[in-house]
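I'd like to ask some things about the structure below.
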Amino acid sequence: MPVMRDDVVAWLERCAAVLEENRDYLTQLDAAIGDADHGANMDRGFKAFMAKLPSVADKDIGTILKTLGMTLVATVGGAGGPLYGTFFLQMGVKTANKLMLTPEDWAEALEAGINGVIARGQARPGDKTMVDALLPALEAFKEAIRNSDSFGKALQRMAEAAEQGMKATIPMVARKGRASYLGERSAGHQDPGATSSYLILKAAADTWGHVT
Amino acid sequence: MKKLINDPMNVVPEALEGMAKAHPDLIKVHFNPNYVYRADAPRPGKVAVISGGGSGHEPMHVGFVGYGMLDAACPGAVFTSPTPDQMYEAAKTVHGGAGILMIVKNYAGDVMNFDMAADLLRGEGYQVESVLIADDVAVESSLYSQGRRGTGTTVLAEKILGAAAERGYDLQRLAALGRRVAENGRSMGMALTSCTVPHVGKPTFELGEDEMEIGIGIHGEPGRYREPLKKADEIVERLMEPILNDLPFKAGDRVICMVNSMGGTPLSELYIVYRKVAEICEKSGIQIVRNLVGAYITSLEMAGTSITLLRADDEMLELWDHPVKTPALRWGM
Amino acid sequence: MKKLINDPMNVVPEALEGMAKAHPDLIKVHFNPNYVYRADAPRPGKVAVISGGGSGHEPMHVGFVGYGMLDAACPGAVFTSPTPDQMYEAAKTVHGGAGILMIVKNYAGDVMNFDMAADLLRGEGYQVESVLIADDVAVESSLYSQGRRGTGTTVLAEKILGAAAERGYDLQRLAALGRRVAENGRSMGMALTSCTVPHVGKPTFELGEDEMEIGIGIHGEPGRYREPLKKADEIVERLMEPILNDLPFKAGDRVICMVNSMGGTPLSELYIVYRKVAEICEKSGIQIVRNLVGAYITSLEMAGTSITLLRADDEMLELWDHPVKTPALRWGM
Amino acid sequence: MPVMRDDVVAWLERCAAVLEENRDYLTQLDAAIGDADHGANMDRGFKAFMAKLPSVADKDIGTILKTLGMTLVATVGGAGGPLYGTFFLQMGVKTANKLMLTPEDWAEALEAGINGVIARGQARPGDKTMVDALLPALEAFKEAIRNSDSFGKALQRMAEAAEQGMKATIPMVARKGRASYLGERSAGHQDPGATSSYLILKAAADTWGHVT
C-alpha cells in the first residue's frame, strides 16, 4: 500500500505537534552547545506552515512539500531554516504532481532532500549535525526495501536508524554549526538538529504505520 | 527571568516599534518581513550596504542604519539568523541602482540565509556582492569546520564600508575593501555571566561565582574554555595574546581598537579593560589611532567584554573619520 | 562579585586612566585631586561649567566633558560625593575669566561638598553660581526633609547649559536658565536587580526573582517600594504617572525624553520602554521632540531603567541641538 | 585631671582603629538604608589622617583637630566628609593653642562641633542622623558635669547617651540624608552616621578612662 496524499498531510500535522511538544527539549539541547533557539525556530516554522496547510492540503504531494519548504525558509531562520527548507523543497520537487508515494518514491524524495541539506550545509557524516540522523535513516530505509521489507517495516527501520544516528552524535566533536565553536566541549551532548530530524522521521514512521 | 519586556514572544517587534518612534528622522521600520532602513532611502547611485543577524546584539545591526553606515538591517528572532525574504525585500527597498553589498557574519545560518537572498536578488538582475566577517580568534580557522565566528570586526566594517559607499565606491571596489577589512580584524571575547533568551526564560549556561567563560561568541552560547575568574588585567592579557599573535599584529601597526560591552558590563569596567589594552599595545609598538569603548555588539544582558583590533591603513582611517549619523554611532554631522 | 576590575580599591583611578588613554583628543585627567577636564581648557571668556558626583554612574559625569557640555567633572569614590578640593582645583584649572557654574545634584553630600568648594572659590574672588537638580518624583518634596534626589535631568541640564556657555551666556543668565531647566524636569526609576559596590563585594540589596524596586535613586540604595515584577508596559505606566502628574505635564507640552539604562539593561529593552512612553505621551497630547535612549546615568551594573521628561521651550531646544563633542555624547561636529 | 594633648592623639588613633574594625558593620548599616559607602568613607578619612598625624602630633590640640577636620573634608566625601570635617574643625577652632582640656573645654569643643554639624547639615533631633547620637551625648556630658561628676564619669555618661541615641535611631523614619528617600522603609534600621558618631565618642570615653 502506498502512502497517500492525505497521509502526507497527517504526517506534517504530527510533525508540528511533535515539534511543539519537544520545543523545550530542543531548546535545552541547543542551550548546551548552541544559542538556545532551535526549539523556538522549529516550532515557529511548523506553526506557520499549519496556518498555510488548509490552502494546499488538497493539492499534490509535491506542492504541499514545496510549500512547507518555502514556509520554513521564510520563518525558521538560523541554520535550520535554509537546511530544512531545502530538505522539504527538494522532496517537493521530487514528488511533483504525485498523489501517492511508493517506497521507491519515498526513498528518492528522502535522498533528494538529504542531498539538498548536504549541498547547502556542506556537512559530512560525523560533523555532529542533522546529517548524522538523516543519512543513516535513508540508508536503513533503502536497505530494508532491498531486503523486501514492507513499506511500514522499512519506515520503522528508518526511524530506528534515525534514533541511533541522533544518539551517535552525543560523543562527537562538532565540526559544523554553532556547536563547533565549543570544540571538545561539544562532545557529550546530543545535537539539536539531529534530534529534530529524528522527530520528523519518527513522525513519518508513526503516522504511516498502517501502511504495509 | 527579569527583563523589561511584555510578552517574550513580542520582544523583537516591540523593540523595533520603539526604535521607529525614537528615531523617525533617521530610520523607518518595515514589518513582515522585518527590516530597518534609512529614512532617506533609496540613495540613487550609491551602493546599498545591508546587513542583519539575530536580534539581541543591539545596537548591532539595526542601530547602525543611517547616513554613512547601513542602508538597511534585517533583524531575526533573538539569536536567530534572519530569513532570505527579509534581505530580499530590504535590498529592493534601498537599492539605488548601483548594486548591493551584504555584510555577512560567518555563522552557518547567517551565511545560508544571506546566500539564498543573494540568489533571489541575482535571479532578478540585481548586482550583489558579499563580505564575510570571520574574525573571532577563539576558534581555529579550518577548511573542514564551520570556520571562525563573525564578531566585533563586523561593526568596524559596517562603518568603513558605509562611508566608502557614501564616497561613491562602486560595488567591486567596496567588496575588495570589505575583504581587506575582514582580513585585518581580529577579536576575542569573554563572559562573566550568561544571558537569558526571552522565550527560554532562563540563562543559556550557568557560571559559578568564581568562573568565567573565555572565547565566547555573541549568541549566548558557551565559550571555548571555562576558567577561574581572574582580575581584569590578566583577562585582557588572556584575550590580547591570541588576537595579537594571529594576524599577527606587529610593531608599527596602526589599529582601530574596540573594547565592547557584552551588554551588562558597565562603562567604568570597559575603561579598566581599555587601560590594559592600551598598555599592551604600547609595549608591542602598536599604535591605537582610533577606538570605540561601549556597547556595540552585545548578547542581551550578558556581563563580559570583547576586544577587537583592526589593522588600519590610511584609506580605512579616512573612511572611519567620515561623518556618520545613525541611532548608535554619530560624528561629523 | 564578578566584575572586570583589578584591586577593588583602584577601580576609580584605573577607569580614569583608561578614559585618559581612550580620549586624549577630548579630555585630560588630573589625579590627586581627581578631576577630568576638557583638553582645550581653559576657554577664555566662557563660563566654566563643572559638575561631579560619586563614581559608578558613568558616563555621567566624566563622560560628558568636552565641547558643548562640561568643562570639568569631579569623580568621587564609588557612590561617594567628591571632596571640595576636587571642585576647587578643577574650577581653577578650567576657569576662563567668566565665572563658574556648578551643576549640583541634590544629595546631602553633593550639596555640602560643592558648597564648601564654592566658599573656597568665592573666598579667592571667583564668581560662582550653582544650579541644583532635584527632579526625582519618587520622593516627595518637603521643606523639612532632604528634598528630592537629583537624577536624570542632570544629564539634560549639562547638555543645555554647556551649549549655552559655548554661546556666550554670562554666569547669571546661565544660572537662571539652569534653574528653569531644573524646575521643568521630572524623573523616576526602577530596578530589576541591585548592584555591587566593588569595595563591598556583594549587592547592596537583594531582590527576589519576582520582585522589582520602584522609585530607586542612582546610588544603589533601596527604593521607595518593593513590588511584584510586572510587564514592561505596566512598569512604564507606574513610572510615568507620577512624572506626568507632578509638574504637571499637559497636552501641548513639548518634551525632551530620556529613557535611561541603569547599567545592566540592554538596548532592546530600553526601546520596549520607549515604545510605551511614546504611546502614553501621545495619548496625553505631549509631544516628544527630542530623546535619548541608552545608558547615561547608571548605577554600575544595575538592571533597570529611569525615565526623564523635560518640558522644553525653543531656547532649550536650540541649545539641545547645539553641537557637542564628549566621550559619551556627540552630534553636530 | 585634664585630658592632655597626648591623650587626644591617643583618642584619634583609637578612632582610626575602631573605624577600621567596624568598616564592614558601617557598610552593612549603610547598605540597608543607603549606598553602602559609609564604612569605606570613614576608614579612608581616618587612615589619611593617621598618615598626617606624625607631622602634627606635637602641636596644640586645636591644630591637631583642625588638621583632622581638613583631612576628613578632603578624603571622606559624601555626607560624612563635610559633616565630620566641620565637627572636628570647629572643635579645633575652640581648642586652639590648648595643650590640655578641662571638662568645660571638652563640653565647649563638643558643642561647637555639633553646632557646626547642625549648621551645615540642617538636621534636627529625630531626623535619624548622627545628630541623634551627638546631641544626647553632649547633653549627658554637660549634665554630668553640672552634677559634679568626675571627668571620667561624665565621659562614660556621654558614651552611654551616644549609644542610646544611636539605638534610638532604629525606629525613626529618616528625614535627612539618603535614608530619607526610603521613607517608611528606613524605619527598623540603625543609622550609619549615628553609629560612627557613637564609636568616635565611645573611643574618647575609653581612651580617657584613666582621667578622673
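Order as written gives the chain letters A, B, C and D; numbering starts at 1 within each chain.
Heads up, the rule we're going with is that contacts are C-beta pairs under 8 Å (C-beta built on N, C-alpha and C of every residue); 3 or more make two chains touch, one makes a residue touch a chain.
By chain, UniProt protein names: A, D = Dihydroxyacetone kinase DhaL subunit; B, C = phosphoenolpyruvate--glycerone phosphotransferase.
Note that the structure is a prediction, hence the values are computed from the model and not measured.
Visitor: Report, in whole Å, the distance between the mean C-alpha point of chain A and the mean C-alpha point of chain C.
Guide: Their C-alpha centroids are separated by 55 Å.
Visitor: Between chain B and chain C, what's the gap in Å when you average each chain's C-alpha atoms?
Guide: Comparing mean C-alpha positions, chain C is 29 Å from chain B.
Visitor: Quick one: report the Å distance separating chain A from chain B, using the average Cα coordinate of each chain.
Guide: 32
Visitor: Spell out, as numbers or ranges, the residues of chain D touching 2 or more other chains.
Guide: Nothing qualifies.
Visitor: Based on which chains are in contact, what kind of graph results: line, ring, star, complete or other?
Guide: line
Visitor: With touch defined as at the top, which chains are paired up in contact here?
Guide: Every touching chain pair, ordered by label, is A-B, B-C, C-D.
Visitor: How about chain B: which of its residues touch chain A in the complex?
Guide: It is residues 33, 54, 76-85, 107-109, 112-113, 115-116, 138-139, 142, 144-146, 149, 197, 199-200, 204-205, 215, 217, 219-224 of chain B that touch chain A.
Visitor: What residues on chain C touch chain B, complex-wise?
Guide: That would be residues 1-7, 11-12, 14-19, 21-22, 55-56, 58-59, 63, 192-193, 207, 209, 212, 229, 231-233, 235, 263-275, 278, 291, 293, 295, 298, 300-301, 303-305, 327-328, 330-333 of chain C.
Visitor: Sort out for me which residues of chain D touch chain C in the complex.
Guide: Per the stated touch rule, the residues are 27, 31-37, 40-41, 44, 73-83, 120-121, 124, 175-178, 180-183, 185.
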